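Listed below are the structures to be examined.
Same chain, two partners: chain A is paired with chain B first, then with chain C.
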Partner chain A sequence: MPYLLVLPTLLYLAIFFAYPMVSALQLAVQADVRYLNLRAEPDVTAERLPGTIAMQTVVDIIDRERGEEELASGRTRPIFWYLVEAQTVDEETVTGWVNQRNIFVESRTESVTGRINDGEPVTEWTTRHIRTMVNDFRFNSALRNTMLMIVIILPIQFVVAIIMALVLQAQPRGSTMFLYIFAIPLGISDLAAGLVWYSLFTQRGFINSFLVQMGILDSPFIFIASGQLGWILLAIVLAEVWRATSIVMVIVVSGLQAIPRDYLESGQVFGATLWQRIRYIVLPLLRPSLQVALILRTILAFQVFAVVIAISGGDVFTVLANETFRWYDRGDGGYNNPNVAAAYAGLIMIISLAISFFYLRAIRSQEETTG
Partner chain B sequence: MLHKKLRLLLVLALMVTGVFAVQAQDDEDDPDAVTFQSTQFNIVEESEIAREILSAFEGAINFVTTEEGPLIDILIAEGQSGSGSTDLVGALHGTFPSLVRNDLLFDLTELTAELDEMYNIADAFIELGLMGTTDYQYYVPWMQATYVMAANVEALEYLPEGADLNALTWDELAEWGVNMAEADGENRLGLPVAGLFNRFMQGYLFPSFTGGMVTEFRSEAAVEMMEFMRDVLWPVVNQESINYAFMNEPLLSGEVWVAFDHVARLGPAFAAMVDGDTDKEFVAFPAPAGPAGRGFMPVVVGLGIPFTAPNPDGAEELLAYMLSPEVQLQVLSELNFFPVVDGVDFDALPENVALIAAAVSAQSAAEDALPALLPVGLGDRGGEINQIFNNVFSRIVQGGEDIQAVLDSEGENLSNLLSETGAACWPPDAPSEGACEVN
Partner chain C sequence: MLFLRKSLPPDQRWALFRNWVRRMGVYALAILISLWILLPIWLIATMAFSTRSNVRSFPKPFFPDPISTDTMQFFLNAEGILSSTGNSLIVAFATLALSTIIATPAGYAISRFVFRGRDAVRLGILSVRAFPIVILAVPLAVTFINLGIYDSLWSLALLHTALVLPTSVLVIASVFASVPYELEEAAQVFGCTPTMAFFRVVMPLTLPGIAAAGIFAFVTSWNEVFAAVLLTLTNRTLPAQILFSLDKASDPFKFAGGFFMLVPSIIFIFFIRRYLFSMWGQVTK
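Moving on, here comes the complex of A and B:
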């Protein structure tokens, strides 16, 4: 009976989470291939003739019929049907009718040949999109950069976050102030964070102005350029650390507060140094919080892309999420290919799941051995 | 406490939706109003100006701005249901293939002939509106834009000796870049690599050097072109170009003195100069020419009428109104899109627009002008050609890969794309029977 209470949640998850996600991921492994069957009569309800015709097949037009449809506005629209002779995919010749929508003709009234350009979609399973993704020359660097960022950023973030949390825990004068200052990046969007750091590193940015005015540099140094992946990576790492460390800190602070004071006090009584107390009391007891923060941060690190675009422009230095967007983008410079974008999204999901699973296993087995 | 807050939020939300509902009601009240959906001017400031210009039309107009994807989806859905609310569609040339394939638009041949008689519409653009057919006018050209170059006047003293700003070559541009870099140690040439750079490759570099966009893709001339790009031009381009999407920004900040971009993206720099918001002074000039000519890409925006339009007569009247030289002039002076008809009085333009307009007409009227049109007939796979041209640049110039190898492998992709879509060659490539082929 109590399981019934979970039912609404499950339904909600199924409708708004599982279903859209599965259909989105399907895009990565499915393709609509279009084929056309001619009709026996010039009518959309007429029987379809056997023999499918591939797209772009050039056909001979034998006859045409012009019909008219009365529109709501009082005008009429012409409806053309063409009697065509065409080669099927099995290289047989069929003769039948095809609607204007499915054929390109140079002149509706004059042309004697046409080209089949639309038909019924047949969904096929394919690895084409995944192959396109893997063979794209940006794929390797995107994968490498994403992993590199996780390997560099995560350790820095955790060390900094734990130090920040310990400072707050010690409650020095004005610790509330610290909390507010540490929490500022929490309220800033990743794009804004990226732009802030870009404006620091740009040719006319704060760092260059500062260095030039101090006389350290004669002319501005261009940090962000196509040959300088190291500087770009540094700027991105700094922006990400600045932006996303506070969320780790918040989790660690709440974990710290759950540690009973007695433990630390007895540690002190027995003469443990600060480092020993952190190493043998605080860190082991923080493990559950750190596990949560680790999973959260890793998954979020795969989604980083606004910072990358803001700082590097997204071409020279790229990450997986940026490639997903590049392939999905329907704008003037985008590739408008949701299938390959779905392949990237699926890849990100698989890696995130694998890493989360690894964290959970790794930390649990430690508990078992220590417990 | 929480409940109170929640209830307040709920009430507020209801009020807001209520207000919108009432507004929507108001818009739909007038049965004779013409609903005009446009993918252009969808920035708030621009749509306000567009509404202002349209308000002089005698009938009521519902000007609705939208994005390409949603517009196509709406029109297809309206076509399937057989009833719609959109009377007039204004969109880039590249949006129309999807509408054409679904057979959604009236034939405007007669209307175009009438308007051509009155205003003399540019023939090349009328032909574009035929979408590859010979006798079905899917859209009437509405306005055009293109890409030109702009320079800070400080840069002019470094112009190579004997170079004419209005008839520059690519070599002179590179030399100019070298001169500027030698003068103050900074690369002052800027390209919008994070912006509409695919158009730079498709419409300017490839046509100027190879005379085509597709057929000569992996030719010797293309190899020489990429050698020039990698070894001569790129070394004098400001390295921060990888981050530039709108060239008005680095022009105004002074990082860049000479830049290439879409006129609408250079416009704000000239507007700032005329408004006195900057002490910098800019000039505009045509893109450089290469061995094969002065490649440039006109961008055409067209107007079509869907079969499901409730008020097609009103749509035709509005269409005719928008092609009149007076309205075309207004659109140019306030929205930076150029006329497609004769008889526009350029003397009436504000100074900032006049500067760009002069460069645009010098570019298209140049003796060696080689207009390169946007790809035609790729349908919804138009994005893939962008990818191919972007890859050529990224792999060769940034990735250091072998030029011929990259051109061969990307040429193979291009060739597959064209044969799979059956797209015929478009200018500047010579017309083809059947699908366009990469030599």
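Moving on, here comes the complex of A and C:
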């Protein structure tokens, strides 16, 4: 009975999580290509010779023969067969027959060379998409910016989230209202957050309005421009801290609620200062919550995408998710290449798994050394 | 302010004073953080309710003067906005319905039955909730193209359901766990079948919680951008439509669009605020 009830969920998750993840890796390392095998006789039923020939290989024509081909309607039509000498993909020379549909010749009766242009579809393993990704001129900056963002955003988010949680834990009057306000960003999309911070950082935006009205600046300062990576990064970091700190806060608050009050009270009785209580009682007991929040936030940070586009337009500053989109995009701005997009997706998956694994290991070994 | 009272001994007054300072410090921090969150929302709201010429003006005022719906109207009348809002609503409601239908039995099973592999199921559901949609969207888009269901709102709703399903299951499980099993037993003692007991007794008590999970699914779907831009081409949802218009959009369009996207989130978070902790907090348990 319980199995029956959870079955739909498990099936659904298998279809929409397990399958795409496998399929993402597959798309990234496989390619559909066509290869041709020559035939021993000028006949479609003849034995295939070993040694595959790649498309666009130029071959020497030794002999030709006019055959006949039976159509589905029962009528026959003439068809040319060519005896060719060709280089295989293993750089061996084979001689065999090829049908006119698989080879391009200038003249059916006169040409002495032809070009192979059709064959059997084969799926093969390839590093081509990964090479295309790594050699792309935006790859390095996307990787660097993503890592930089994570390294800067996460510590700020955790400090702010712990402060927010401690404030709520102190239960000031109106704490339910404060909880609601602190939780508002949970429902805000990264696109909306990006647009909000765009309105602050744009040339005629609120920050410039404020600075000019206060007399600090004479004319608006251009934050978002191609030479200004630092300012763009700052705007994105602020937008992300603004939007995504609440989820860390919620996790920390529920972790705090699990800490027995006696621990803190006994700390107070023995004269521990607020900082000592946080450092030696709260933080160690919060470790499991912080660990989960850290993994969650790191993985989610790889999704940052609309914020970057809304603030910077996506060209002067780019991140991995943005590149995934650019390579997939079938519109004017995109490259319409799902394989390279899948390579980016696979890269994101591998990095996030590696980081999660690292966190788990690092935190566990720390526990072992401290006993 | 008790510490000002002269009748108390000085050391007690000192302790009371320190207590007062600490309380004020907490208030100051709470208000500071609230301002940090609310100020940007206020600023974009003032832009959304100014005239378009005021939106373009510099320096920008802190209060809208005059208050006008001109910018909002301009945004809503822009090409594709109304239809994409409709699309977003369809996808969000489909996600809500589908995720609730699939997640409710699973949540009930996890909270009510002790069965072999329960912890594995819980853990499995937990571990997929954090997976970046960036990874899922590309291969699913390719699959949908092969299956011929690309660029359809339903395929997007299917993906959004996968996205919210783990959270929905866990929230609904915690909601069922909060209703004592004794109530169900009592109903059965008074002659209800287990199914009747579920619909007559448990369902009414858990409906608000299940509704909260549904609202969460709705908001997630409404906000989701990446899969939406990948999976739809002509049937864009609102975030996808805004994202694709950004490079040629004017500031009034961007500000009003940002505000328009914000409003449902702010309202919905208000309704589900009681369930926030069972939604995100229980990851560590």
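Methods note: the second predicted complex is superposed on the first by the 267 of 371 C-alpha atoms of A that agree within 3 Å, B and C clash if a C-alpha of one lies under 4 Å from a C-alpha of the other, contacts with A are read in each partner's own complex, and residues count from 1 in each chain.
Assume a contact is a pair of C-beta atoms (placed from the backbone, for glycine too) under 8 Å apart; a residue touches a chain by one contact, two chains touch by 3 or more.
Because the structure is predicted, anything quoted here is derived from the model rather than measured.
Using the contact criterion defined above for the overlaid structures, shared-chain residue A:A72 touches chain B, although it does not reach chain C. Once chain A of one complex is fitted onto chain A of the other, the partner contacts of A:R330 extend to both chain B and chain C.
When both complexes are overlaid on chain A, the residue A:Y198 reaches chain B and chain C alike. By the document's definition of touching, of the two partners only chain B reaches A:V105; chain C does not. Legend: residue contacts after superposition of the two complexes on their common chain; A:L83 is shown touching neither chain B nor chain C. Look at A:S312: by the touch rule set out above, it reaches chain B but stays clear of chain C.
Between chain B and chain C, C touches the greater number of residues of chain A.
In the superposed pair of complexes, A:I247 makes contact with chain C only, with no contact to chain B. Look at A:I278: by the touch rule set out above, it reaches neither chain B nor chain C. In the superposition on chain A, contact of A:L233 is made with neither chain B nor chain C. Taken together, the two structures place residues 198, 202, 204, 220, 313, 329-330, 333 of chain A in contact with chain B in one case and with chain C in the other. Chain B makes touch with chain A in their complex at residues 67-69, 82-83, 101-103, 106-107, 132-136, 184-186, 193-199, 238-240, 242-245, 253-255, 307-312, 380-384, 386-387, 390-391, 394-395, 397-399, 401, 419-422, 434-435. Of all residues in chain A, only 1-6, 8-10, 12-13, 15-17, 19-21, 23-24, 26-27, 160, 163-164, 167, 170, 172, 175-176, 178-192, 194-200, 202, 204-206, 208-210, 212-213, 220, 242, 247, 250-251, 253-255, 257-258, 288-289, 292-293, 295-296, 299-300, 302-303, 305-306, 309-310, 313, 320-321, 324-325, 328-331, 333, 338, 341-342, 344-346, 348-349, 352 touch chain C in the complex they form. If you check the complex, the residues on chain C that touch chain A are 23, 26-27, 29-30, 33-34, 36-38, 40-41, 43-44, 47, 56-60, 102-103, 105-106, 108-110, 112-113, 115, 118, 121, 124-125, 128, 130-143, 158-159, 161-162, 165-166, 169, 219, 222-226, 229-230, 233, 239, 242-244, 246-247, 251, 254-255, 257-258, 261-262, 264-266, 268-270, 273, 276-277, 279-284.
Residues of chain A touching chain B in their complex: 55-56, 58, 71-73, 75, 77-78, 100-101, 104-110, 115, 117-118, 137-138, 198, 202-204, 219-220, 222, 224-228, 311-316, 329-330, 332-337.
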